[in-house]
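As written, the chains take the letters A, B and C, and residue 1 is the first residue of each chain.
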Amino acid sequence: MRHQKLSRRSFLRWSAGVLGASLLAACVGSEASEPTPPSGGGTQPTTAPGGTQAPAVITGVTLRVVGTGVTLIEPIRQQAEKDLGIKLEYDVKDGPSAQQKAATQPQSWDLYDQWFNSVKIVWASGNATGIDINRIKDWDKISPLPKEGKLTPNAKEGDGDAPYRILYVQPDNTLGSNPTERISMLPLTFNVDSFGYHSEMVDKEDATSWAILFNPKYKGKIGLYSDPSTGLMDLALGAQAAGLATFKNIGNMTRDEIDTIMRILIEKKKEGQFRAFWNSFDESVNLMASGEVVVESMWSPAVTALQVRGVPVVYASPKEGYRGWYGGMMLNKNASGKTLDACYEYLNWWLNGWAGAVVARQGYYFSIPENVKAHLPQADWDYWYEGKPAAEDLKDPFGEIVAKKGSVRDGGSLETRVSNIAVWNSVMDEHQYLVTKWNEFLAS
Amino acid sequence: MTILAQNERPADDGLVASGQRGTVVLRGVSKRFGSTTAVDGVDLTIPGGSYVVLLGPSGCGKTTLLRMVGGHEVADAGDILLDGVRLNDVPAAQRDISTVFQHYALFPHKTVYENVEFGLKMRRLSPDERQRRVNEALAFMDLTNLRDRLPKQLSGGQQQRVALARALVTQPTVLLLDEPLGDLDRLLQLRMRVELRTLQRRLRITFIHVTHNQEEALAIADQIVVMQNGQIRQVGSPQAVYRRPTNLFTASFMGDNNILAGRVASVDGDGILLECEGLRLRARSAPEPVVPGQAIHAAIRASTVRVRQEAAAGATLPPNCVAARATFVEYLGDTVKLHCQTASGLALVAKVPEQDPSWQGIREDETDLMLEWDEDDVQLLTS
Amino acid sequence: MSSYSLPEAVPAASSRRLSGNAVWALLLSLPLLWLLVFLIVPVLVVLIVSFFQPTLSGFERAFTLDNYRALLSSGPFFSTLLNTLLSALITTVVTFLVGFWVAYYLALVVPNLRTRFALFIIALAPFFTSFLIRAVAWIPMMGREGVLNSALLSLGITSQPLDFLLFSNFAVRVAMAQLYLLFMISPIFFSLSTIEPAVLEAARDMGARWWSILWEILLPLARPGIVIGAVFVFVLSMGDFATVRLIGGGASTSVGLSIQNFVTYMQFPQAAAAASILVLVTVLGVVLLLRWGAIGEEL
């Protein structure tokens, strides 16, 4: 959902599937499940230091992973198959569709690769089971952000479903922050989102605050995400910054608060403040590229995509803070035996940082930065994690240039950005009420 | 009766000398469709108040000619005149001519009443006037009790009467009928052709009727126009066309003619002697002058051939007389057709009335017969 | 002798007819089965689910009227329903006004069959591409910096780009009309094609002008096609959500889109309740359309 190049990618996936299958056959035939070192080519992360030797017991197992295009990408799948000697089937969907499948079709997946803001819903469906942290080798190396809520002591914790609040499976099978040995979702990738703006059409000053979404100067030129949980969060941050409303907990609003913000939003919508609501990554790129909007709530790869196309878009660093999201994987309660073993192997493989290095070059951070650093060329590390100017032209995992030499990542280093999280993508207690109201807002 | 208004028109009374209205004159009328010539330089005068039938096989141009008169097709060349007025550029709707289309072309969604009313409505007559005239037309065509039916609820004959009422309600001086009996079964055809003829007599307007059925043409027409390949082959009364075909096409198309190919042997004051494959014929006259030695066709209608059951006396027979045997006796009810073969192998057909004793007792291929006919009945097909 | 063969022939024929009937019954039961499996059962399931209690990730099998109560007491839902209805009606009327003339041209003006067929294929051409591509193509056409706005600006017709050309009810209705036009053209084309040319000739012969032929002959005879086309377009636009989503960009709405949103966020009972209401209104609309068509036939 976050970065979809469907046609090319599905072709890649298909051809790689054929390749993988024959490779697999070869592996099984020779009983040799020795990890193949990743190619050291310029676009690939550097070689894993002595990749994990897969236990022969899981060789040949097929894992079905349902999730989004953010992390279900071909280079990762191929590498994991090679390293683990298993077969991986990626079922790539947009966020809501993946969530729907996870919640309604438990027989169709083994691992669910999505975001923490869907944990409550999938957990509620009863299709997932806790992940045993004793079987996660690098558990202790995972940064404190998802475990305790903060990366640095001075950082903001952020309202809403911060991962640590719903990470641990409590004895009564609910989710909470009290550490136990079982977790709902293994935290892997994360990022902080804000809005992009067209630097030639928007005053830099205006773009320092979420209030820009309600700024009459940009009336009719605002683009928003049509998803209720994240879309509303952005608007709530904007309304609060503009002094239109206040929220006790912006990540978990009360019915009254929802009613208030909706009243404001409907009024603003009728005044023509908002130009369009997008549903997909491509749409969000097109809206800005075609000049329909100059300020748009969007994801960081979309901003990168626009910059590559020569559209002068800047990803804002609002003073109120970012909207954070954390991704990870959930385990199907039906996984058992070899499949369960393979699931854990795959989760451990992910934590070794090779995959984290791939997604790093799409602008996403990883739970164990040090593991990523081992797999990422220095120039990429400095640009994406440290917020330093690019030492050379940098490419994304698919070989396209995403950062020209000398450019700097909007918002700076990981630490700076992640220390300023205002709210996390969340499923509120009043989620169902919110969905209904959001529908009404879209309909007004 | 409005539909008979022809009588009441003052023009009629005042123009006795110039003949009845509804005279259609065609001068050099031609029509091509792509590379085919449908109508090829037709000259024809149709007298007002007459019943004219255009007769010919399909593709002979008769329907195209009719459509040009009706204004549904534009002539490429020539003039079409109605009572002296050139019609070529007058739209169909403004010609004093109505058409009964092939298959009637009734408006399927309109009732009988609405179908008949349509022409009057288009002429913007007042509702009262419309009602009066439609009711008269319906009564005239005996359709009053069917007025609220839709066409699909009517029989073929009823549909035809509606088509007639619809065409006549606007009081045309010429009525064009394109194969009007084609959709009817045979019994109804027989009845309707009498009715058509009667109708025309009552209305005294010009009827131009297109058909490919000779019998129908003979039964109805004042004048038959025989057409072939876009040209007129013969024009004449039914008797003239039937009895005195002047050309091979007419003779063969009118049916039941024995057609023999031969050569003129001699011409004298009393008649013409022909030699046709060993058979000698004598004819009283020819439509056009002939000279000895000229190749020619002759036609002898089957019904003019007399039959006697006797063997040839051996001596040479006189002209118009030949010995033969019947190969097949075809019993048709009111007539009997004898298919005969002469000694020289010529096939001849004789048709005798059923009551006539001459055919009784003839055994196929056994009984010796003598066939003979009058010289008046030998038609030379010169044109 | 021939009378002997007759009694023999009868049982043979009737047994043949019987097996023929069985085949027919089987053939006829297939569409019925199809209807049952793909129409009646899903509708029933939707109806049943609409009375269930929604939960965070689905529903509980507990009877409730809350889903309907919430929708029917909600102003926005009603305005959505009205807007959907209005869009559907406008789309139906617009596709009729445009589609009739396209069908008229194809069926009655184009003289030869091959040209007619070629033009029909050309008319179909936009439908060879996927819906998404066509919808996305609206942005460079109708957008703020799109072809149409650029043309209007450079011609001096407008001084500012017209925003309503995209992401508006207007845009959605234009797009739906374009999208569903074919469903109007085809049935009208087929009913106009069945009109005997002689019928039109007869009308002209009796003095009917173009307008009268249209009013007295073509429109009444095309009525079945018009009604079928209207039902198609009406039903399709009532259920539309993709056009509304992509072309409306959030500025336009429909019940279909609401249902899609409910489904996306797994509020299945609300989705089912909204769907049931939508189906009911749509069926009512279709009944009215058909009745109008039938009344016309009687008159």
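Keep in mind that, in the parts below, a contact is a pair of C-beta atoms (placed from the backbone, for glycine too) under 8 Å apart; a residue touches a chain by one contact, two chains touch by 3 or more.
Just so we're clear, the structure is a prediction, and the values are computed from it rather than from any experiment.
J.: Would you mind checking which pair of chains has the most C-beta pairs in contact?
T.: Chain pair with the maximum contact count: A-C.
J.: Farthest chain from chain B, comparing Cα centres?
T.: Chain centre farthest from chain B's centre: A.
J.: So what's the Cα centroid distance for chain A and chain B, whole Å?
T.: 92
J.: For chain B and chain C, what's the span in angstrom between their mean Cα positions?
T.: Result: the chain centres lie 55 Å from each other.
J.: How many angstrom between the C-alpha centroids of chain C and chain A?
T.: Those two chain centres are 40 Å apart.
J.: Could you pull out the residues of chain A that touch at least 2 other chains?
T.: none
J.: For a test of understanding, state which residues of chain C touch chain A in their complex under the given definition.
T.: Spelled out, the residues of chain C in touch with chain A are 54-58, 70, 74, 76-77, 79-80, 83, 136, 139-140, 143-146, 163, 166-167, 245-246, 249-251, 253, 257-258, 261-267, 270.
J.: With touch defined as at the start, can you tell me which chain A residues reach chain C in the complex?
T.: Interface residues on the chain A side: 96-97, 99-100, 103-104, 120-122, 124-125, 220, 224, 226, 228, 272, 274-279, 283, 286-287, 290-292, 427, 431-432, 435-436, 438-444.
J.: Hey, which residues of chain C end up touching chain B in the complex?
T.: These residues of chain C touch chain B: 196, 198-199, 201-209, 212, 216-217, 220-221, 223, 297.
J.: For the complex, give me every residue of chain B touching chain C.
T.: Residues 70-72, 91-94, 98-99, 101-103, 105-109, 118-119, 121-123, 166, 170 of chain B touch chain C in their complex.
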